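Following this line, the structures themselves.
The two complexes that follow have chain A in common; it is paired with chain B in the first and with chain C in the second.
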Partner chain A sequence: MGITFRKETFRDDFTFRNSPEHIRRFPFPFHEDSYMYAVNIEPHVVGPKGSVLENLIDVDEHYVAEMQDRALVLAEDPLRCQSLPHMTLAGWDLLELLMEQQALGYPEHFTLTRDGDKWRWINRPLGIDDSFTFGDTSTLPYGPMEYITRQSQGDFCILDQRDGNLWMDAGMVTTQADWSLDFDIGMNFFEWHAPVPLAHEKGIFIRALKFLTNIQQGKPARRLNWTMTINPRLDTSPENYHKWGPDRTTVTPENVGDKVHLRVELQSFWRLPRSNGIVFPIRCYLIKMDELVTQPKWARRLHRVIRDLPEELATYKGLTRYRPTLVEWLSKLDDGSPTSAGFGPD
Partner chain B sequence: MAAKSIISRPVYGTLSPQPGKHHLFIADTEGALAITDMARTAPASFFDGAEIVFIPGPGRKHVAALEALRPAQFHEAPSFASLLPRLRQTLANAHMGLRLYLAGTEGLIGQAMQVALEAGIDHTSIQTEHRGSLARRMQCVHCKGITENVTTQPAICSHCGLLLLVRDHYSRRLAAFQGVCINAEDRSEIPPMEEIFR
Partner chain C sequence: MSTGTTKLDVVVSDVVPVNDLVTRFHFRRRDGELLPTFSGGAHVVVEMRDGERTRLNPYSLMGSPLNTSEYTISVRRDDVGRGGSLFMHRSVKPGLEMVISYPVNLFSLDLRAKKHLMLAGGIGITPFMAQTAQLAAEGGNFELHYTCRTASLGTYADVLRERYDRRVRLYHDDRDERIELDRLLSSQPLGTHLYVCGPSGMIGWVRDRAASLGWPAETVHFEHFAAPQPGAPFDVELAVSGKTIRVDEQQSLLEAIEAAGVDPPYLCRGGVCGQCETNVISHDGKFIHNDHWLSEEEHRSCNKIMPCVSRFEGRSLVLER
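What follows is the complex of A and B.
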C-alpha cells in the first residue's frame, strides 16, 4: 500500500496537519537540552524503517499539497527558480538523482524506465506520464531542474565547485526560511552565509566548506537545521516578509499550541556525476506545538532549548516577539525531570 | 573608506598599476583623485595604453587633472547609464591583457563591476578604490526595484514605498545592497530615519 496524501493548505486557511504516525517520525533536531551551532554533518545513509531516513529522498503524506503550494509560489514569482547558463548539465544530474531515488523508494507512486537516452517518467500522485530524451531540454516542458523540482519536496540549491569554493548558481527555492535565491544566486559559500551571526567567528563555515568540497559521488552527507514559523506556512520568503511578518504578532497564550510551529530542515549534500556540482536539498518539516508536545520528552527538551537560546540566535531566527509566550506555555509541560539521550521520542 | 562588516560586503583597496597591455579606468567625481594619486607611482608611459572614462558630476571637477595624465583615450560621461553601451562594447572587444580599475562611489564601482562580470571578467582581478560618498544602491527584496543613492537608515523604496532596513548583505550580480522591510511585523512601528551613508 502506498502513502495516503493529505489534502491541505500552507496558506490562507492553513489546514496542514501531521497524522499521528507522522508526528512520531518528525525529525526532532535537538539531541540534548541546549542548542548551539556546530558542524553537525554526518553521512546520509538509510535510517530506521518508519523514520524520515527510511529513504534518502523522503516522500511523505504532504507531497501533493506541497507541490501544489510550490506551483502557486512560482506562478506569483518565477524568480524563485533560477539557473545560471552554465548549470544546465547539473540540472540533468539532479533530474536523474531525484527520479532514481523516488522510483527506488516509492515504486507504487513513481516509475522510471530508460532505454539509452529515451526515458519515461511516471508520477502517479501528480498524474504525470512523460517521455523525453535525457540531455535534450527541448523534450521537457521546463528546464531539467525546474521540471523535477516541481515534483520533489523541499528546496534545492545546486552549487558549482570551482576555485576551491562552492557557488550558488542554480536553485528552486519556495519554502525557504527567510533567504532570497534571487539575491544570493552567484554568490560563494561564505558570501551567501554572510548574514548568519556567530558561526563565522567559530570557523564553522571554513570547516563546512572543506567537508563539502570533498564530498564523493555515492556518499552523500546530511545535517539538520531549525527555526520556528507562525502558522504552517511554507513560503516564508523575504520577498513576502511584509505579508507573513504580521503573523508573529498574533501569538497569544491561548493559540500557541496551534500557531507556533517548529520548522526543521533536513539538508543533504550530494556530488553530481557529470557536472561535478553539489546538490543541496533543503527539506522542510513542520510540526505545530500541540502535535509536538504529544511526545513528553520533546516538550521538556524544547522548553529548555528555547528558554536558554542565546539572544543573537533568537533574533536571527525571528523568535523575539513571541519567545516569552512560547516559553511560558512550554514551561507548564516541563516537570524538570531528565530527558533521555538522542533525538527520538521515548 | 567604508567600514568592514560582513563577508558579502565588498572590500575596496587602493589602485596600483598592474601588468597589462591596456588599462581601462572608470571613475566618478572623487574617484579621479584615486587615479591621480596612483599616477604618481605609475611607470612613465603607463597612460599611453590607458583609457579613462569619467563621470564628473556637476561642476566638472577633476576633468583637467585627468586629461593632464594624457591617456590614449579620455571620455567624459554625464551618467553611468549613458556610458553603458560604450562600456559593454569595450569589454566585449577586449583582449587578454586588459586591466580594469574602478574608483569612486560604491554605486559606480558596483555597477561597473556588474558589467565586467557579465563580460566574463573575474571580480578578483579588478582593482577598486572607494572615494567619495557612502551612498548605497539598494534592491528592495519585496518588489525587486533598485533605489539609487540611499543615504538613510532605514530608507524608503522608491518603487513600492515600503520602509526598508538597508542591510550590509551585498550582491555583485545585482550591484546592490539588500533592503528588507523594517516594520513588516507591525507597520505602526516607525523607527527614526537617520542619515548614515554620506
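What follows is the complex of A and C.
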C-alpha cells in the first residue's frame, strides 16, 4: 500500500487540498492556548504511526505536485538553488541522507542500491531510474544537492560550520515564508536572523547557535515554526512578493475558510558526516481554515492564539491586515470551553 | 541536551605496535555493519572499563574517511599520565568488546581553503592522517610539515612519505632540524588555511607567529586536547544533586562527578568543546585551570570550571551540578 499522490496546484487555480487522513496528521504547532518564542528544540526521533514524524524525512500525498511546483519555480528563477564552491561535498552528504531516508521510509516508492561508489536510485513517483558514481558530479544531471532536492519535499539550507558560527552557503529554497536564499547566501547565523523581532532581546539566537553547532552525527533535532499564508501558495518569496502580497487584501468574512491557511514548518537539523556541515530541512505543511476547524480543539485554540498574539509578531508574520477578519470568523467556533493539553486533535 | 553522543558497540579487530611509544587499535562494529562516515579531524571517545574505574578518553580517527569498515586510532603511551593510555597498551587485545562514541569533529577542514598547510608535532599527526586521506581523494591541495623526536619515533612518517612524497616534510629533533616557521608562513599563497596539532608549546608558538605575520584568526585552526592531569585529591560539593564527592589523584573532576551518578554533557573531554562548563557557587582555595575553553578573564573570576581537565586545591568547593 503506497501513498496516493494528489494531482493539484499551488498557484493559479489553487486546487491544493488535504485528504481527511492528512488533516488529522497535520503538525498543529500550538500545545497551549497562547504563543511566544521559545527555543523549542527537541530530538528528531521517530514519532507515532500516522503522524508526520512516522519517518524522519516525511513524504506525503502532496509529493508529486510539490516537486512539479518546484520545477516551475526553478525554471523561472534558477537562483533559488545555489551552492558555493566549497559546499559540493556537503551536497553529496545530503544526497546520501535523503536517498537513505526516503528508501527506508517508503520502499514501495524509492529504492537505493549501492555497490561501493556505484549507486542506483529509483524514484517511482517521479519516474526516475539513475545510476551514478557517488562523489563524481559528472555522473548526475545536476549537482548532488540540486539533484536530490528536486526530488525531496521541503526547502533545504546547508550550513557550513566554521569560526564558531554557521554560514548559509548552499540551499534549495522554493517554498519559503518570505525570505530569500539569494539574499542570505554567505551570511552567518546572526546576519540572516537579524530581521526577527523580540528573539534577540531574549538571547534566543545565542543559545540556539550554541545548540546547533553542537548537533552530533546520528542525533538530529527539530522544531516547529508557523505563519499564515493566503491561498495555498508554496512560493511566498520576496522575489515574487508582487504575486502573493496583494492576496492579503482579498480576505473577506465569506472566504476566510477557503483562503486563509496555517503554514507550519517542520524544521530539522542534521550533522553531515563528510563535510561536518549542518543541513536544515524546512518542510512546509499547509492547511486551510475550513480543513483545520474540522478538529474543534484546533479551532478553539487557534482563535485564542491569533487573538492574543503580540503585535510585533503579528506584523512580522504579515497577519496585520486580515487578523481582525480571521479572529472574528474563528471566534464563532470558540465556545470558551477548555482545550486538552498537547498538539493533537481530540 | 543529553550527554555525549550516540554510542557504538565495537570489537577490537587488531592491535598493531607502531614504535616504542605508539600502538594502533582497529575497531569494527560488533553487528558487522559499516561504521558511520566521518570527516577528517574527527575523534571518538573510547570507554575503558578498568575494573571499578571507567575512563573516557578522546582519540582522533586516523583512517581514511572513505573506509568505514573499521576505525583506527593511535595511542601514545604516557607512563606518568592517569593510566588511560597504559590501559590501552596493556589490556586491550584483539577480540575485546568496547564502546566508543559516534565521531565528533572539533578540528574540521575549512573547505574554502585554496591550500591546506598542516603542522604536526609528535602524536599530533593522527588527525592529519585522516585529513590528508580525505583531501588526497578529492584532489585537494595540502602540504604537511611534521616534527618528531627521532626517525624511529616518527609515527607514520614512512607511510605519509610513501603516500604523498614531497607534500610531506619531516623534521627530526635529534638532528636539530627545525621548521623555518616564519619563512613558511610568509611564503603561502593567498587563501591558505593553517592547521596545527601537537604539544601546547608548539600550538602557542605557531598561533603567535601566525598572528604576528598577519594571518587572520579564522584561517588558523588548532587542536589541542589537554589530557586531564593527575593531581592532589580534593573534595567537592555538588549543590544541585546534593552530593559530596572526592576526586582521586588519578581521576578527573568530570569522572568523579560521573562516578557519583551525575551526568553532565560532554563531547571532547579535553577542555575545548565547552559542553561540561560548570558554574562555581563558592570556593575557598585555588583553581588549576587546564582548559582551552574559558577566557583568561573567566579563569581569574573563579566563577566557572571545566571539570574534564581542571582541578582544585583548597578547603572547599561547591559546584552547580
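Quick note on the criterion: the second predicted complex is superposed on the first by the 346 of 346 C-alpha atoms of A that agree within 3 Å, B and C clash if a C-alpha of one lies under 4 Å from a C-alpha of the other, contacts with A are read in each partner's own complex, and residues count from 1 in each chain.
Note that a residue touches a chain if its C-beta (ideal position, glycine included) is under 8 Å from a C-beta of that chain, and two chains touch if they have at least 3 such contacts.
Please read these numbers as outputs of a predicted model, since none were measured by experiment.
With chain A as the common reference, the superposed partners chain B and chain C fit together side by side. The vertex angle at chain A, taken between the C-alpha centres of chain B and chain C once both structures are aligned on chain A, is 70 degrees to the nearest 10. In the superposed model, A:K219 lies in contact with chain C only, and not with chain B. Judged by the touch definition given at the top, the superposed model places A:Y241 against chain B, while chain C stays out of reach. When the two complexes are overlaid on their common chain A, residue A:L89 makes contact with chain C while staying clear of chain B.
By the document's definition of touching, of the two partners only chain B reaches A:G186; chain C does not.
Of the two partner chains, chain B is the only one touched by A:T249; chain C is not.
Look at A:N276: by the touch rule set out above, it reaches chain C but stays clear of chain B. The gap separating chain B from chain C at its narrowest, counted between C-alpha atoms of the superposed chains, is 5 angstrom. Residues of chain B that touch chain A in their complex: 6-9, 139, 141-142, 144, 162, 167-169, 171-174, 178, 180-181, 184-187. Taken in their complex, chain A has these residues touching chain C: 43, 84-87, 89, 96, 160-163, 211, 214, 216-219, 273-276. The residues of chain C lying in touch with chain A in their complex are 1-2, 5-6, 36-39, 41-42, 65, 102-105, 108-112, 134, 138, 218, 267, 273, 275. Within the complex formed with chain B, the residues of chain A that make contact are 79, 180, 182-187, 190-195, 200, 238-242, 245-246, 248-249, 321.
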